[in-house]
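One chain, subunit A, appears in both complexes that follow, with subunit B as partner in the first and subunit C in the second.
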Partner chain A sequence: MTMLTPNVPFSTGQDRAGQNRGGQDRAELGRAPSPTPPIRRIPDRTDAPLTALLKSWEALLLLLAAAIFTANSFASPYFLDVWNLSDATFNFTEKAIVALALAFVILAGEIDISVAGIIALSSTLMGATAAAGQPMPVVVGVGLLTGLACGAVNGLLVTGLELPSIVATIGTMSLFRGLAYGILGDGAYTRYPEGFAYFGQGYVWEWLSFEVTVFLGLALLAGFLLHRTSLGRAVRAIGHNPTAAAFSGLKVRRIKFWLFAATGLAAGVASVMLTSRLGSTRPSIATGWELEIVTMVVLGGVAITGGVGTIPGVVLAALVMGLLTFGLGLLNVSGIIMSIVVGVMLIAVIALPVLARKLSNRMRRSTP
Partner chain B sequence: MTLLNRLLKSREALLSVAGTALLGLIALRAPGFVTPGNLASVFTDTAILIILAIGQTAVILTRSIDLSVAANLALTGMAGAMLNAAHPEIPVPLLVLASAAMGMALGAVNGLLVWKVGLPSIVVTLGTLTIFRGSAFVLSGGEWVNTFQMSPAYLALPRATLLGLPMLAWLAVAVIGLAALGFARSPVGRALYAVGGNPVAAVYAGIDAGRTVFRAFCVSGLLAGLCGYLWVSRFAVAYVDIAAGFELDVIAACVIGGVSISGGVGSVAGAVLGALFLGVIKNALPVVGVSPFWQMSISGAIIIAAVLLNTRAERRKGRIILRHRATAGQEAGA
Partner chain C sequence: MSFWKSMVLPVALAVGLVATPAAAQDKIRIALVVKSLGNGFFEAARRGAEDAAKEVGNVEIIYTGPTSTTAEGQIEVINSLISQKVDAIAVSANDPDALVPALSKAMQRGIKVISWDSGVSAKGRMLHLNPSSNALIGATNLKLAAATLPDGKGNVAILSATATSTNQNIWIEEMKKALPTFPGMTIVTTVYGDDLSDKSYRETQALLKAHPEVKTIIAPTSVGIVAAAQAVKDAGKIGQVHVTGLGLPSEMAGAIKSGASKSFAIWNPIDLGYTATLLAYDLVKSKAASVAPGTKLKAGRMGDITVGDNAEAAMSEPFTYDASNIDQFAKIF
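Here is the complex of A and B:
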């Protein structure tokens, strides 16, 4: 990877070249820092805090979530039932838990495609442990440790061996899920010890499910880590410019390693919940989740090029995707149509601000 | 550097040696595998992967990625099959052309979003992946197009043999030949390398970087569309989930073949060898008595090993000095 590309100095009269390059820079995978930073316009004064908040990505997502919520409650008389709303959370909390951790990885300028593979392997090993007659705490421990170990493998490949994370995790994705297939073949584990069902089906209080409680707790933790600690600042710094971050004394490799390990652990947590909820394991469990989870993070406003993004954004994006799929489900819309909606949303939500900026720039230019 | 030296250092040569060694190992267990007839059928079996990997190479060379190829294949394959089922009188070559054109149009959508709107290709193609496959569902209503609904001519084309090889294999050979020539000798092909190697320098050299990326996506889409027809007619059935997850195999083939994910490095020969490597493993596992369920993890391990080798080989001297200084600072802090 081009960690250090010499800067080509741009002098005056290079605007055309700069513009031409613009599309390409953003077109790249974002792993290699652009040779020249895009020209950043610094406004004369910043917006007042409230205005900035209203203009923010999170406000847009909140608006979207509210709109979907309202539409859902009109579309189906059963939607506003508190138990129904509680049920609605089940289809996104597991993915959202992984998305919280993956957000850190993407913020640091890396990516992890292997999360669904980790869920499958972790679930398979839990099934094997349960089949061997181990008690519930051991089964859960195996699930979490498998996740952590898989994450550590990714971390080692990316930081120790310096592989580009997208290829390394495409490889481990095959490896992890492949191991699950190798162990299980076309079989399934369906017996889990007593008490295991709680993690995916239990309720902490009335309609408040265990899954949502864990998700909310982890969201608070992630938000605190990213927005209130030096670790959070470090992750952003690494995502913006890994070289500068290394030169300013940040332990880039070590931090990245732990981010991958944490993502693996989060996948382990998700695997415990999903396995418990389904009560069975097949090697095809959580197929395609990697793309949904990445979509969730990107929809949450985390730049795929790193450095930019917030945890509230990711939480809201999870909510938007969850409400949307659940609402469409209530209307008997097939799952695959929902995926079209999510795909369109992903592109539209990211393209619209860019197009709006282009349009406003053009208008500004035409009215001097 | 002497010719021999250069040959020894080239990735393609290394991969050929590794491939031959692999075949040798397989031959120890199953001599029947390495007969010319069987190798030809392995090649035919891998033809679609080869064609897609070549398209993907064009995209990866420009520092982009196309995750939507398999979904593109499914949508064009479904559209072609339905058109054939509804209007069997349309000549097959026309349908093939239509499939390719449709695939190219879908690729152009990706390309335009990356070029004109300036979105990261990974996000765009992640979105279009779900949109294309969803559209295949909408188009078909979830129904299958079965063998008996398609015209015999539609199904026969890839199977027709010429000089002992089926047309499917000849098509792959033709694509390989055209792409090898185009990548190495045409201005558009060289632009792919220039834009991926150093976008700034490419712009100074008068290359329109955005348009080059757009073209790469069009090529990838075109080949995916062609493969849509080939896949459906070869397996004689079209349904929404055909080739699900195949995009990652395609990228894996490129990576194994030494196409650098950071752009500018790679060759058609490499991508072809990478695809063949995966094809040989897939076909050999059952023959040597390994459960096919292990295939996925084995190809995963191979991908990691291949990237490891390629990344080691890619390090250049000038950069090592800088890298060492940066990492030394890091490790002192760690």
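Here is the complex of A and C:
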């Protein structure tokens, strides 16, 4: 009896540490999740900083982005045009902004798939506010607050009722979009106040759009929070082992609640931009975005099991996906092929490091 | 070691996928943007567009669209077309309003924009091509009914959708307006099947009993026409009562085969793609910034098309489907 029971509360933590970090305490470098090798090799020293950087997930993504960029420049005469590249960023910045916040949620071992539903409900309420004749700042405020409130609902369901986040957010995904359909039906809001178009169509300087500027600012903020503050360390610790984190004195529930609320707010920001870019709202707005956003986070090297991942990885993943779809679009590759390419790329990029590690382990073992 | 190995495949993949030669630049490039790819109706429209391109020569058709029917997906496609500096965009829109900013940008950059099939608000396009007009639909329904009556004389009845359906009521009104041009034909009654199969079926059964003098039923609704044909067949009145109206070839193939319906009408997607392409071509050639009502545009085998109010144009009367072509089109839509 006593031999068997003590394992239970700690077993997940042990497995996870073994899986994700391979015995090295280098979580900052964001290794890919990998299954435990048959014989665990414990290195007698860690890699030199430069080698470690080169072997990192971010280096792989950066090289992939550079390769796609170069290939696109050769393949299409329209690619290397600063305005075209600026236009291309509109296709992914809104999703990338949500991905930045969602990365924290996934790092903490949870998930939120209601983000597209939040965008729809937020956009619908903004439309209703605008239709009631409210000025632009009120409309934007309603959009952001709706996002925050929806995120708080998710946070309460997960931390208060202790529902599994996947179940809770599947529910709210339908709920938020359902409310949007309930309010709008098959109608549309098409009248937005003067100046509202700036958020999704405006430029801060020359070709630098407002959307990209906000995205870069938020990326810096997210990077700082995750990699330079105790909050970042706490989020990762929760993802690795919530029980251990709670015993270490971290306020696990409170932190998780605010991560969900922040993701809702980010969806609100994305909703303001998307609504402004479309100049109208229909309840079907942002359909299917939740999966694209989760794809970005996972491609960015954030382990879906939590604990491991970096913000530069997520930013690079957004860039890789944006460049790839834009490049293929310029060549008029059919969207059906495009979704196959994105799928293959995701599997390849995630499977390759695992494959390479297995191979190198085998080689090491055969040559003692 | 493992690092370099891990790099090989993604790079090869990326290079291999995008390294296809760019298209020739001197041709007029017209983009046919559809609601979603993998839809038979739009594949047929593409065939028409290719026909038109061959006919005028020196035109390249870019057939594209999102994989699901979303406005966001279409905007991505439109952005990419703007970047490629295509000459014209002809779009069947997933959303009449959400595409307006993207299409306005295209027009600012000198791209000619028209919508067809499913329209865009007037601000977002230079011209909208409707497959047909209400007057033409009304007249076609009567023409098809006349073809089933001896010498075009006799009693007909209408099976509509709901009593409040705007389209249906306009078409019925147009039929009544066109009736004097069909002497000897009388519209006995109008019944409403609410666009529900079972209600349309029951209404037709009741109609056959209450008005045995009715020789032809006109159902300008794709749900009603199928139900009416079935009711006529089940009542054993094939050959005595004919069903016609507006329907989809794939749903009406059985009724044509059984003889419950001799012919019916609906727009032809091949003609629609063909005409949209030629109108876009006309606009590129004319270099005009907008299209005034009353302008005549050339549309090849479809004849001249006059632009009406709100820069909307109607292609032609609906295309007639019968035993000679039903198999071909039943596969398309």
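Please note the rule applied: the second predicted complex is superposed on the first by the 325 of 368 C-alpha atoms of A that agree within 3 Å, B and C clash if a C-alpha of one lies under 4 Å from a C-alpha of the other, contacts with A are read in each partner's own complex, and residues count from 1 in each chain.
Operating definition for what follows: contacts are C-beta pairs under 8 Å (C-beta built on N, C-alpha and C of every residue); 3 or more make two chains touch, one makes a residue touch a chain.
Being a predicted model, the structure only gives us computed values, none of them experimental.
Asks: State whether A:N72 touches subunit B only (first), subunit C only (second), both chains, or neither.
Replies: Only subunit C; A:N72 stays clear of subunit B.
Asks: Under the stated touch criterion, which partner chain does A:L328 make contact with: subunit B (first), subunit C (second), both, or neither?
Replies: Only subunit C is touched by A:L328; subunit B is not.
Asks: Touch test for A:G249: subunit B only (first), subunit C only (second), both, or neither?
Replies: So A:G249 only meets subunit B here.
Asks: Should A:N84 be classified as contacting the first partner (subunit B), the second (subunit C), both, or neither?
Replies: Touch status of A:N84: second partner only.
Asks: By the touch definition at the top of the document, which applies to A:A188: first (subunit B), second (subunit C), both, or neither?
Replies: After superposition on chain A, A:A188 lies in contact with subunit C alone.
Asks: Have a look at where A:G343 lands relative to subunit B and subunit C in the superposition and call it first, second, both or neither.
Replies: A:G343 sits against subunit B, while subunit C stays out of touch.
Asks: A:L63 contacts which: subunit B (first), subunit C (second), both, neither?
Replies: second
Asks: After lining up the shared chain so the two structures overlap, which partner does A:A356 touch, if you call subunit B first and subunit C second: first, second, both or neither?
Replies: In the superposition, A:A356 contacts subunit C only.
Asks: Name the contact category of A:L278: first (subunit B only), second (subunit C only), both, or neither.
Replies: A:L278: touches subunit C, not subunit B.
Asks: Taking the contacts subunit A makes with subunit B in one complex and with subunit C in the other, which residues are shared?
Replies: 287-288, 334, 336, 339, 344, 355
Asks: Report the residues of subunit C in contact with subunit A in the complex, numbered from low to high.
Replies: Residue list for subunit C touching subunit A: 1-3, 5-7, 9-11, 13-15, 17-20, 22, 25, 37-38, 62, 64-68, 70-73, 75-77, 79-80, 82-85, 95-98, 100-101, 121.
Asks: Subunit B touches which residues of subunit A in the complex?
Replies: Going through subunit A, the ones touching subunit B are 1-4, 8, 17, 20-32, 34-36, 111, 157, 161-164, 166-168, 170-179, 181-182, 184-186, 243, 246-247, 249-254, 283, 287-288, 291, 294-295, 298, 304-305, 334, 336-337, 339-340, 342-344, 346-347, 350-351, 354-355.
Asks: Which of the residues in subunit B end up touching subunit A in this complex?
Replies: Residue positions touching the partner: 62-65, 67, 113-124, 126-131, 133-135, 137-138, 142, 195, 198-201, 203-204, 208-210, 213, 240, 245, 248, 251-252, 255, 261-263, 291, 293-301, 303-304, 307-308, 311, 319, 322-323, 326-327, 329-331, 333-334.
Asks: For a test of understanding, state which residues of subunit A touch subunit C in their complex under the given definition.
Replies: 54-55, 59-60, 63-64, 67-68, 70-72, 74-78, 81, 84, 87-88, 90-91, 188, 190, 197, 200-201, 274, 277-280, 282, 284-289, 324-332, 334-336, 338-339, 341, 344-345, 348-349, 352-353, 355-357, 359-360
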